[in-house]
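Two complexes are shown next, each including subunit A; its partner changes from subunit B in the first to subunit C in the second.
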Partner chain A sequence: METKHKVSLFLVSILLGSMLTVQFTTVHRPRIDNKVVDNVQMNAELTQEKDRQKFYYSEIDRLEQQIKTYENKQGNREELVKAMAEDLDKVKLLAGVKAVKGNGIIITIEDSFDAVAAGGDPSKAASLDYYLYQLINYLNGNEAQAVAVENHRIVSVSSIRSISQNNLQVNAVMIDPRKISIKAVGNIEQMKIGMNLFPQFFREMGKDFKVTDVTNGSLIIPAYESTVDFKYAQPEGDKKL
Partner chain B sequence: MPIKTDKRLRLTVSLTMISVILGLMLSMQYKNMRVTAESQAKLPQIDPKAQYTAEQLGRIKDENQGLEESIEKLNKELHSLEKLAGNVDQNLAPEIRDELTKYKIMSGLLAVKGPGITFTVDDNKKDTPTDKDVLLYITHDSDLRMLVNELFIAGAEAVSINGQRITTTTGIICIGTVVKINNQRVATPFVLNAIGDPKNMINALETRGGVIELLTRPENGRYLTITPPKQSPSITIPGYAGDFNGMKK
Partner chain C sequence: MIWIPVIGLVLGVLLGFSFNLYIPLQYSSYLSIAILAALDTVFGGIRASLEKHFDSSVFISGFFFNTLLAALLAFIGVQLGVDLYLAAVFAFGVRLFNNLASIRRLIVNRSRHSEKNS
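On to the complex of A and B.
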């Protein structure tokens, strides 16, 4: 009788162990592949990638052409210098060290009694730098081609910092934070869509946020003026500049 | 006799307990199977068109990555030729050559190498407590921009996030759950590389009350995971192959 019970117990334990194993290995959550589900989003992405590809092919053509030009003009000193000067002009534009002109917007952010009366709190202006670089970030993410804060051009190495309530640094230059003008050349409608949340952020600091369109192509964004010296970043294989 | 009864009782209790557990597991298994079956039934059917788009998208992304590499190679080749050309006219060309190199670094056209730092920013993967906002646990575009701004204040000369070079026209924008940098989707974890004075950059990031504390400390209301910035004698940051928001078109 005792042996019979022991055998039963042994068999039941084995069954229990097997079931536990099955339980742990078979139960899993169903996985939804969003990439497949969201066809609309994928189509939009596909269009963007196709545009990007078109640009990349044209860029490869342009670079190959430029390389040929340099190779062909190796013996012609004047032509070679001319080709380099032309290239330099284009590169300066992309680096932001050349002024640009075009359509765009002028944003004015200034201290406002009305905004304070409506509940804006000037003590929140301690985060002015944060909202300014986020605003510029959103302009760039929405097709801005060139941006300047109080005529200080924003470039790749630019930074913005609040030093105190009355001092703000843009590209390490002090500006008066009580009234700030931001100019941006680019796609006007897209830039406006991109910054639609920002007027509220600045009003909460007791500041007015006004936007003026410039559609006659006359908006000038000045060149970056500070000295640039690359001490650490060098093209691979190059010696220090 | 009492001994025998006691043994029998123990065996009966054991068998009863095992049977109860067995019964519970059977019912759990049955329930789980039903839940799984119901979830599968609720899953949207895979549209063949969507499947095709996904395949096309994957292919074109791979091709574009290859094209970006070709552009980087050509830019390198061009830079070598410009260096050679700089020797042809000792009065003018060296100056143009050096300016070309400098502004190609500044614009982000050229891949660069140098000492710097690297660190990773990630969402907090632990379960969000029910009383907390999940948004405090995930990485936002504004967090990345804050870190980039801090690096440039500390003298960074070139910065990249997941291989995307920060340029004059770079936007770091959240669209839904996706972060786009230079108009390209990037996903967590975000690896930030910066070339510049490593000590300056690390001090700026790790200073008391600094940006890393702001983004990771519960007392500041944020819970991101940021690895300690690591110094490296040689960091490579790729060049930017894009169109600068249409400026190059």
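On to the complex of A and C.
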């Protein structure tokens, strides 16, 4: 066999070996593209993270300011009490025990003959409480900052229960399930996007689902009025309620 | 003689691992078809050299032409939504086994001849 032939066979074999290795490495390489994230989603997450960072920075500034206020007003008892009352107001706002006002939406869910005629089944309304709670969950997840059902503020200890076909209980108060009004203060567009599937759910129960925008900042969400006896939950640490 | 491609293959594998090369995963199917074509060419070359009619220009051109053609066929198949790569797999697969069978027969015959002569 000529040397030329040997060299060509040798070189081609080297090339083949390299190709085999490249293929092997490619196939056995740990795949990082399992979670393909598109640009839109990534941008949205980035914006969200930036907003969150901004919020935390402002919160640090606020707390530093608060410390300074307390330090400056140590001598003046009246002003110290005033500053503490302002903080208490903020905490009340967060807890939902203070009425709030702003832009938002009013959702009206009521029995409708048209919805029944279109195939809605009123017997499905047995799970009305479940869908109402789901709706509130979606509103909260889409930038609602305060929600009330029939003017009963929804807070962390709130409950919605279907007692019977004609009785719905919100925060332990009976309301008429034939016509329910839900008020939500928050980002109107975002809340509407978040609940886009719900009109269909309620129509299937034979109910009409209407949404009215309130854009003049006059939508009032009342405060949570019941008292909560914290006999089971206590603050972490030595202090007791 | 049979050791030349084996040594080349081992050297190629070592080179490939030392450089840790890889291609995007979506192109790996084209490379696998190309490898099949390349294997067929190499075994064809070994057979031709055993049969004493090895032509290096036919061998080299066959290697690159078959490899590229197989990858191109697979690519066109993907674009058209037809599994055209199966044609390449079948054609090169059959040829590969034919070549292997011929190589085996040639080696066996040669060893018999050498036994008779001794």
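By our rule, the second predicted complex is superposed on the first by the 195 of 241 C-alpha atoms of A that agree within 3 Å, B and C clash if a C-alpha of one lies under 4 Å from a C-alpha of the other, contacts with A are read in each partner's own complex, and residues count from 1 in each chain.
The definition used in the following text is that contacts are C-beta pairs under 8 Å (C-beta built on N, C-alpha and C of every residue); 3 or more make two chains touch, one makes a residue touch a chain.
Please read these numbers as outputs of a predicted model, since none were measured by experiment.
**Student:** On the A-aligned overlay, A:S18 touches which partner chain: subunit B = first, subunit C = second, or both, or neither?
**Tutor:** It touches subunit C, and subunit B stays clear.
**Student:** In the overlay, answer first, second, both or neither for which of subunit B and subunit C A:Q66 touches.
**Tutor:** The first partner, subunit B, only.
**Student:** Of subunit B and subunit C, which one touches more of subunit A's residues?
**Tutor:** B
**Student:** Which partner does A:S8 contact after superposing on A: first (subunit B), second (subunit C), both, neither?
**Tutor:** In the superposed model, A:S8 contacts both subunit B and subunit C.
**Student:** Can you pull the subunit A residues that subunit B and subunit C both touch?
**Tutor:** Subunit A residues touching both partners: 1-2, 5, 8-9, 12-13, 15-16, 19-20, 22-23, 27, 29.
**Student:** Provide the residue numbers of subunit A that touch subunit B in the complex, in ascending order.
**Tutor:** Touching subunit B from subunit A are residues 1-2, 5, 8-9, 12-13, 15-16, 19-20, 22-23, 27-30, 32, 35-37, 39, 42-43, 45-46, 48-50, 52-53, 55-57, 59-60, 63-64, 66-67, 70-71, 74, 77, 80-81, 84-85, 87-88, 91-97, 129-130, 133-134, 137-146, 154-161, 186-187, 194, 228, 230-236, 238, 241.
**Student:** Please give the residue numbers of subunit A that touch subunit C in the complex, ascending.
**Tutor:** Residue list for subunit A touching subunit C: 1-2, 4-6, 8-27, 29, 31, 33.
**Student:** Could you please specify the touching residues of subunit C with respect to subunit A in the complex?
**Tutor:** 1, 4-17, 20-25, 28, 31-32, 34-35, 38-39, 41-42, 45-46, 49, 54, 56, 59-60, 63
**Student:** Applying the document's contact rule, which stretches of subunit B touch subunit A when the two form their complex?
**Tutor:** 7-8, 11, 14-15, 18-19, 21-22, 25-26, 28-29, 32, 36, 39-40, 43-44, 46-47, 49-51, 53-54, 56-57, 60-61, 63-64, 67-68, 70-71, 74-79, 81-86, 88-89, 92-93, 96-116, 141-142, 145-146, 149-150, 152-153, 156-158, 166-173, 180, 183, 185, 195-197, 236-237, 241-249
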